[in-house]
Structure formats: structure tokens, C-alpha cells
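Note that the chains are named A, B, C and D in the order they appear, and that numbering of residues resets to 1 at the start of each chain.
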Amino acid sequence: VALGSRALTVWLSDGSCFPGQLNFRKAFMHTLEGLQEIYAALPADWKLFVEYKAYEPNFYSMTVGDWGQSLLYASRLGPQAYTLVDLGHHLPNANIEQIVSLLLMEGKLGGFHFNDSKYGDDDLTAGSVKPYQLFLIFNELVEGMDARGMDHADDLGWMIDASHNVKDPLEDLLQSVEAIMLAYAQALCVDRRALADAQAANDPVAAQEVLQDAFRRDLRPLLAEARLRSGGALQPLQYFREAGVRAALIAERGRNTQATGL
Amino acid sequence: VALGSRALTVWLSDGSCFPGQLNFRKAFMHTLEGLQEIYAALPADWKLFVEYKAYEPNFYSMTVGDWGQSLLYASRLGPQAYTLVDLGHHLPNANIEQIVSLLLMEGKLGGFHFNDSKYGDDDLTAGSVKPYQLFLIFNELVEGMDARGMDHADDLGWMIDASHNVKDPLEDLLQSVEAIMLAYAQALCVDRRALADAQAANDPVAAQEVLQDAFRRDLRPLLAEARLRSGGALQPLQYFREAGVRAALIAERGRNTQATGL
Amino acid sequence: VALGSRALTVWLSDGSCFPGQLNFRKAFMHTLEGLQEIYAALPADWKLFVEYKAYEPNFYSMTVGDWGQSLLYASRLGPQAYTLVDLGHHLPNANIEQIVSLLLMEGKLGGFHFNDSKYGDDDLTAGSVKPYQLFLIFNELVEGMDARGMDHADDLGWMIDASHNVKDPLEDLLQSVEAIMLAYAQALCVDRRALADAQAANDPVAAQEVLQDAFRRDLRPLLAEARLRSGGALQPLQYFREAGVRAALIAERGRNTQATGL
Amino acid sequence: VALGSRALTVWLSDGSCFPGQLNFRKAFMHTLEGLQEIYAALPADWKLFVEYKAYEPNFYSMTVGDWGQSLLYASRLGPQAYTLVDLGHHLPNANIEQIVSLLLMEGKLGGFHFNDSKYGDDDLTAGSVKPYQLFLIFNELVEGMDARGMDHADDLGWMIDASHNVKDPLEDLLQSVEAIMLAYAQALCVDRRALADAQAANDPVAAQEVLQDAFRRDLRPLLAEARLRSGGALQPLQYFREAGVRAALIAERGRNTQATGL
């Protein structure tokens, strides 16, 4: 409250390492009781996000292992509780865009942790490995939020959750933001009427053309112009490097102060 | 009704092959409407099982893709609707025993399609690839059914769903039934009090010992004796081969009549 | 030979369904003996492609299960034998572009079966699900073929291997070809010197910028112009539909003649 | 050499996090050059083990990503170089027992890091999640080593590579060793002639019966007796707990000295 926050993300890196270690049902009920205590103390205008994750290293089960479990918790807790989707928290090959669509349908999508991954919860730069998947997720977001009359900016929690072992964290963020804005802008370009017509006509060839026509567009100039008009840099990454922002920040804060960018 | 059946399994091999082909939300709502019509016509003592499956060959999305979606359908439909678990219908590495436990907790586990698999929905003989997973599932079933006071024999639908490309289908069934009975008998041998104590003491070493002590027991002689007492063969597979049951059935029914055993 | 062919693809949908069914070593040796007989009869200017695949439905093991096994066969057979890569024939999350790079390094990449997939060997339209992966593969192909002085058009076998349950097969092919040409054209746009510099400087931010700068370009107008100059249609799919090519082909060949397009 | 060691395991937690970061071919060649330097300095009676791993958290590619790559390195290095198999270092659903069989066939299997896992490189107690897979691996080992006339004890490197976040590390080791010995003893019980007959007769039903007959046997009393005869405890875990070995070790070494058991 003191920070001006309006949402609380509950992320439980909890579960078991071995078969038999936990009684799944009791673990669920204990977790629910804990969440209910937290929920009861929640200010009336706050949201509670229940994050799920398929697995952690060294684990055999997770206390909130998938969107179905998260939705069970959120439904039991009440109208201020929602499911949070982290793109890296799924089993191999999961269709995340379908999960997003169904959570929106249920009125229970709370927000996102954006990142990308090749194998697991790799927390790589958003859009660096699977940019088309990111676009497909935004395609569902735009369609589903509009269908519910939601506000694109305010009605979901938009977060980036990436780690930076080999990249400057601010450069990583600049690349993530660019990829997310591109995916969002491309999703806004989807010809909704043509897509609905193709779906109604059972014409997957045409539906694919509609989606890929939006995805194949090079919207980088458009984004750059929009950034310029709102007082930003045309090329944020280039500016960051050429203007020596990192060096200036270090000079200002000292080398040992972690400027995490998070 | 004419067949004396009391349950209906709805298995929708439906979904989409390409991104954009379907509006996920509308597909869900259309499917729900169809299920509601079926449900409305259901006799009062029947159950409706909603089967889920992660993927089909050549598919991009499934209309009932996971247990979470199946549970949404079953909850919307009403108290006669349940989720059906087919062991091969999950994404890689899914923790099926946890799903079983949570569905029991919700009172929404309808039954099983037993089989085994290495990669996908392979419909191999139950217990032929992952016998310990089969035991862990029965461990949850015994614990969860007892916790709800359920009848082991009657309160769930027990089905075998295997295909037989390289095995005699009756021999495959005999092997499946043996594996399922072994897993069930082993699960009954689990020392519930010792397991609960180990869980309460946060002692995964002891919990693992309790489970594996049951699984490592060779209960084949016990099963054989039980079969004998109920009028069956001590060694069903050996009997089937030595008594020439297959040849006798062919002589009786003709070679072209398919005796599928299913 | 009569058909004017110069390559033979050996695709063995062989393996085992159950543990114990096969002796893996003997199966490998028997397969090798068979391939050696075929290889011995191969015309001197022909290539033999050994295709691999991680799994088939209902299988427990494959006789040629991954690129490592295919490479073993191809190496034992001799200089006319190569590995064939089908994009859908891998375990979940496999890094196909790395496999492509290493096979080129070994001089043993024979060619491709292009398609796309969400879960397994789905044989969907190339580029319909993971267009960035397709680009990354072409990025390795262009770099690796140039490094070996190979001819882009002639030194590899380029094949499309898709199935068409819900699309007109010719329309599917038109979409696949467009996606493949886009990925190839984008790969040709990669600034090789800048990429090598970024790699040498251990600068993954810059390396990603170089790759995505090529991928984000909208090269559809360029492809259309190139098609026009070579006597093709600017918009092949649109032309196919508006000119009624399918109807004309049916009128010419009859409805029952399968015009598979393959 | 000073330690009396005779083998060196090279485990490279190396690779790249993002597409474009590495040139795969050059990374392979650089790694090979490094390994060649190490190999050249290897005492004549030493082995070099090249470990592979499919992925690390936060990675996009691995420098030695699978058994095929490890085999390429080991083959280029020479007769003292071998592939090391860690059971947790594979993509989902990999058939590890087939890899083991083929590496033995090639004379390039160096040894093992035993552990178990549900999702990735979880380093859980051997046999705690997939005991039948462990048995199937030993089934290949016994068959393949005997076919090559290898010494079961000396010709491979047997290592346990587990981590212990929630178990006492010595208790974890005792459970791992018991599981490995059980799998080995069960594999020794496989009726090799009957299995070969079933394979030759293309009878997967019988082959499965042979394997499962060995696996279903409760060999724990046999192992206990063997341990007793060689001066060990009948029930090592029970002895460890009841005799207070951990407390005695702490008293002897001090609490802050890490008695890792590794």
C-alpha cells in the first residue's frame, strides 16, 4: 500500500521432490487456507494473482502446477483473485494462446510475466526464440479483451520476467519491450472481420493468411515514430549504447549498486 | 439404455490444425452448448464423462485439451458430469497422479482409460512401459476414494483403452488386467499410517520407503490365488495359449468375424 | 532411373512397440545390412538419404530414431549416403538448427522434408506454427553451405512433406513454398559480417538484433516481384482461387482422379 | 594421477542463451580443439568421458547437446575417449536404453551418472521416479556387455550424480545404491534365451512377460543376504538411522564440515 501498488502476485515455488512426499489434496487445501488468509486482508481495490508453474528443477510436483489448478484457487478465493500466466511455466508444447483465451472467457486472466524460452522456464528476452507465439498470444488478448470490453492498458497486469546472465539487463529490457510492442501492434493489425469470416467459412487457408499478413508486416518504423512522438528515442538500443547510458548510471550510482532494471 | 449402460463418454477428437482456424472461446461455448443438450437428455442415474486429450496428430489445438478444460465443462454441466482420464492424453512429463488426486478432491473424477505410452497417445498395454506411474495413480485412487468414502468397484468407471497392432488383442487385455490388478493390490498394501507420519514429519526418505516397499512386493502369487478362488485360471496368459482359446474362438466365430476383445 | 531421379530416400517406419520386443543392437545391424545392399546397387551419381524420426504413434523405439543414429548409418554406408532432416521428426524442444549446422559440418546433410508442427510429426504447412524456427534453420543453411562452397540449389534435396486434412493440397503447397522462400530470402539478408563480429565480441544483444533485423523485414513484395519476373503470379494463392485452377483441374482430370499436388 | 584416478569426465556446462549468439560449427570445432589438447596429455591407461546434456536453465543451445554430438567428439579424439550417460540429460521421452545399447555396440559407452527425474535434470534419487526405466537400462547393459565380453565391474564408470535438497545425502545415497543394485540383480535374472526366442519369433507378448517376470521379482531379501555376507548391514537405511551414524559423523567432524557423501 505504501508503494502505491494495487496487486499482489503469489508465486509459490513449492511442491515435492519425490513421490509420496506430499499428500496432493492436503497440500492443495493447506495452500488454499493460506491464500484465503491473504485474500481476506486484501484492500478492496487490489487484485491477487495466483501464478502457476509446471515444474522447478529437482521437483516431482508443484503446489500450483498448471492453469487449471490456479483457476481452482482463484475461483475459490473470490472475484479479486486471478490467474497469472508466465510464458515459461508450461509443459513442453503447451498451447499457451488457448489458455489465455479461456482464462479471458472465464474473466480470470490477471496478467502476464513475459519472457521466452527454448526448453523450460528460461526467462529469456521476450520474442527472442518464439516471436510468432508471442504474436498469437496478443492476437487472443486483443480479441478476447475487446469481446469483454476490457481496457487494454489497465485491466491486465503486464510484467516482464526475464533474467540476464549474458546480456546487459537494460538492453535485455529494451529488446523485450520492443518485441512485446511489435506483437501487440501486429495483433491490432489483424483484420478481425476477415478472420471471423474465414473461421465461419471453415477456411484455414484464409485464416492463416489473415494472421500472417499481420505478423509479416514490418511495423518497426511505426513503433519508432510512435516512440518519437511520445518523447522517446527512435532506436532505444542504439541510443542506450551510443549515449553511454550504462556508464552514466554507473558513474551516478557507483559500480557496486545493482542497477537491475527490474 | 437398451444395452443396460449407465454412463456416456464424450470423446471429441475435435480442435484445429492451424493458428487462426478457430476462435477458442467460441469453440468452447459451442461445445458446451452441445454437451448441455446431451446432458439434458441424460437419464437421472447416468453419468456423463468428458474426456480430454492434449493433442492429436496433425492438430494445433484441442477442443478439450486438458483436465482443466474438462473440469470447466463438467462443472458447467452439473452433478452428473465428470472428467475422464486417459493415461496417454497428456503433454510430456505431466504429473497424472496429482491430476487424479485433485479431481477426486473436487468430486469430479469419473473414471479411466487405462493404457501405457512412451511418447504420446500410444495405447500400449497398461503397465508395459511405466508400471511405477500406474502404481502411483492407484496409490492416489485408494487414498482419495477412501478419504471420500467411495466404493472402489462402483464409483468410478474402469476401462482399458489399448490398441493392438502387434499383439493378440486378448493377450494384450490379459496383460493389461494383470498389470492393473497388481498396481491396485500394491496400492492396497501401502502402509497409510506410516506414509501419513512420514509426510507429517517432512521425511521424504521414509515416504519413499513406504511406497516402494509396497511396489517392490511380488504380489503375483496372491493375485493368482485370488483368481483361482473366483473360478479363474492361475496363469491366464499361459492358459489362453496352451488351451488354444484363440483357435477355438476362430473355429466358433469364423476367421473374418473380428473378435476384438474390446 | 527411368524417372530421371538421382536420389533415394529410405524412410523406415520401423521399430518396436514394447520393451523387450527388439534387440536394439541386432535391429541396427540388420537395418545396416539391408541398407548396404541397397547402397551397393546405387548408381554412382545417386545419393541415399537416411531419414530419422523420434517416434511413431504406438511405438516404443524407432530403428532410426535420431540424427545420431542416421549419421551412424550414413557414415558406415559411404560417401553417397546422407542424413535427411524432417522438421517434425524430433523429440520435444529439440534444437533442429544446431543439428542442421553439425550435419553440414560433417558433410552429411542430404536434404529436408519441410513442414511444421505444434506437438509431433504433424505435417502442417511449413511456417504456419514456428516461422522463426524455419528462418533459423535457413540461417544455418546459408552460412554452412557458403562455408563449404556448396550450391544452394543443387547440393541438397529440398522436399515438402505435409499432409492436408483441412486445406486444399495445392493451396497448402502454395503457402508452404511462400513460407520457405521468405525464410530463405530473410536468411540471405542476414548481415554475416555483423553477426560474426557480434559472436566474436560475445555480444548476444547485437547478434539477436542482426538476426531479427533480417527476420522482421517484410520481403513479400520482393518475392512477388521475383515471381513476376520469372513468369509466375504476383499473388499465387489469390490467383489460384480467382482463376478457378482447382475447378479447371477437376474438369480436366475428373473428380475421382486424385490431384494430390505431391 | 596423485589421487589414483584413471578417468577424466569432461562436463561442459557451455552453450548459448540466444539464437545467433554462437556459430554452432565453430563452437564445435573450438571445443574439439580444447578436448584434443586434454586428450593429448592423458596418461595411456586413462579414459576421457565426454558428457552430454540436452539443456541447462536459461540456455538455447548446448555445446555437447546429445549422445550423437558426444559420440562425434569421442570418435574424433581417439580410442581412450568415451561417451558418458547421465540419465537426466535428455529431451523429454528419450529412449535412453536404446542409446545405451547403441553406444555399447559402438564400443564408446564410458559410464553413467545415475539419478532419476520427472521433468529435467532433477538429480533425484536413482529409482525414485522411474524404476522400470532403470531396469531396462541395466537389461541393455547386461546383454550388451556380455555380447562384447566386457567386465561388468571394471569396464564402465559407475557414478551416482544426485543432489539432496530435502534428504540427508547419505540416506539418499543408500536409497540410490539399493535401487541400482536391485535393477542390476533383476537384469541378471532375465531369461536371455527366452527373450531371444521371443524376439526371433516376433512375439512381444512373450518378450514382455520375460522382462516383467524379472522386474516383478522381489530381490530385496537376496540383496540383503549378499550385503550381510560381504560384511554389510541387512537394512542399511534402518541401520544408518538407528545407529545414529549421522550424529556420530557430526560429532567426529564437526557440524560445519560438510559431509557431503559425494
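The definition used in the following text is that a residue touches a chain if its C-beta (ideal position, glycine included) is under 8 Å from a C-beta of that chain, and two chains touch if they have at least 3 such contacts.
Keep in mind that what you see is a predicted model, and the values were worked out from it rather than measured.
Participant: What are the chains that chain A and chain B both touch?
Facilitator: C, D
Participant: Would you mind working out whether chain A and chain D touch using mostly the same residue numbers, over half shared, or mostly different ones?
Facilitator: Because over half of the interface numbers appear in both copies, chain D and chain A meet with the same residues.
Participant: With respect to inter-chain C-beta contacts, which pair, B-D or C-D, contains the greater number?
Facilitator: If we tally the contacting C-beta pairs, C-D comes out ahead.
Participant: Please compute the C-alpha centroid of chain A, do the same for chain D, then give the distance between them in whole Å.
Facilitator: Taking the mean C-alpha position of each chain, the two centres sit 38 Å apart.
Participant: If you average the CA atoms of chain B and of chain D, how many Å lie between those two points?
Facilitator: 33
Participant: Quick one: report the Å distance separating chain C from chain D, using the average Cα coordinate of each chain.
Facilitator: Roughly 35 Å, centre to centre.
Participant: Chain D: which residues touch two or more other chains?
Facilitator: Chain D, residues with two or more chain partners: 17-19, 21, 54-55, 60-61, 92-93, 95, 118-119, 125, 128-129, 132, 166-167, 204, 208.
Participant: Of all residues in chain A, which touch chain B in the complex?
Facilitator: 16-26, 28-29, 54-55, 60-62, 65-69, 71-72, 90-95, 97-98, 101-102, 104-106, 132, 136, 139-140, 143-144, 147, 195-196, 198-199, 204, 207-208, 210-211
Participant: Under the touch definition given earlier, write down the residues of chain C that touch chain B in their complex.
Facilitator: Listed in rising order, the residues of chain C that touch chain B are 17-19, 21, 54-55, 57-61, 92, 118-125, 128-129, 163, 165-167.
Participant: Mind pulling up the chain C residues that touch chain A in the complex?
Facilitator: That would be residues 92-93, 95, 118-119, 125, 127-133, 166-168, 171-172, 175, 182, 202, 204-205, 208-209, 212, 215-218, 220, 237 of chain C.
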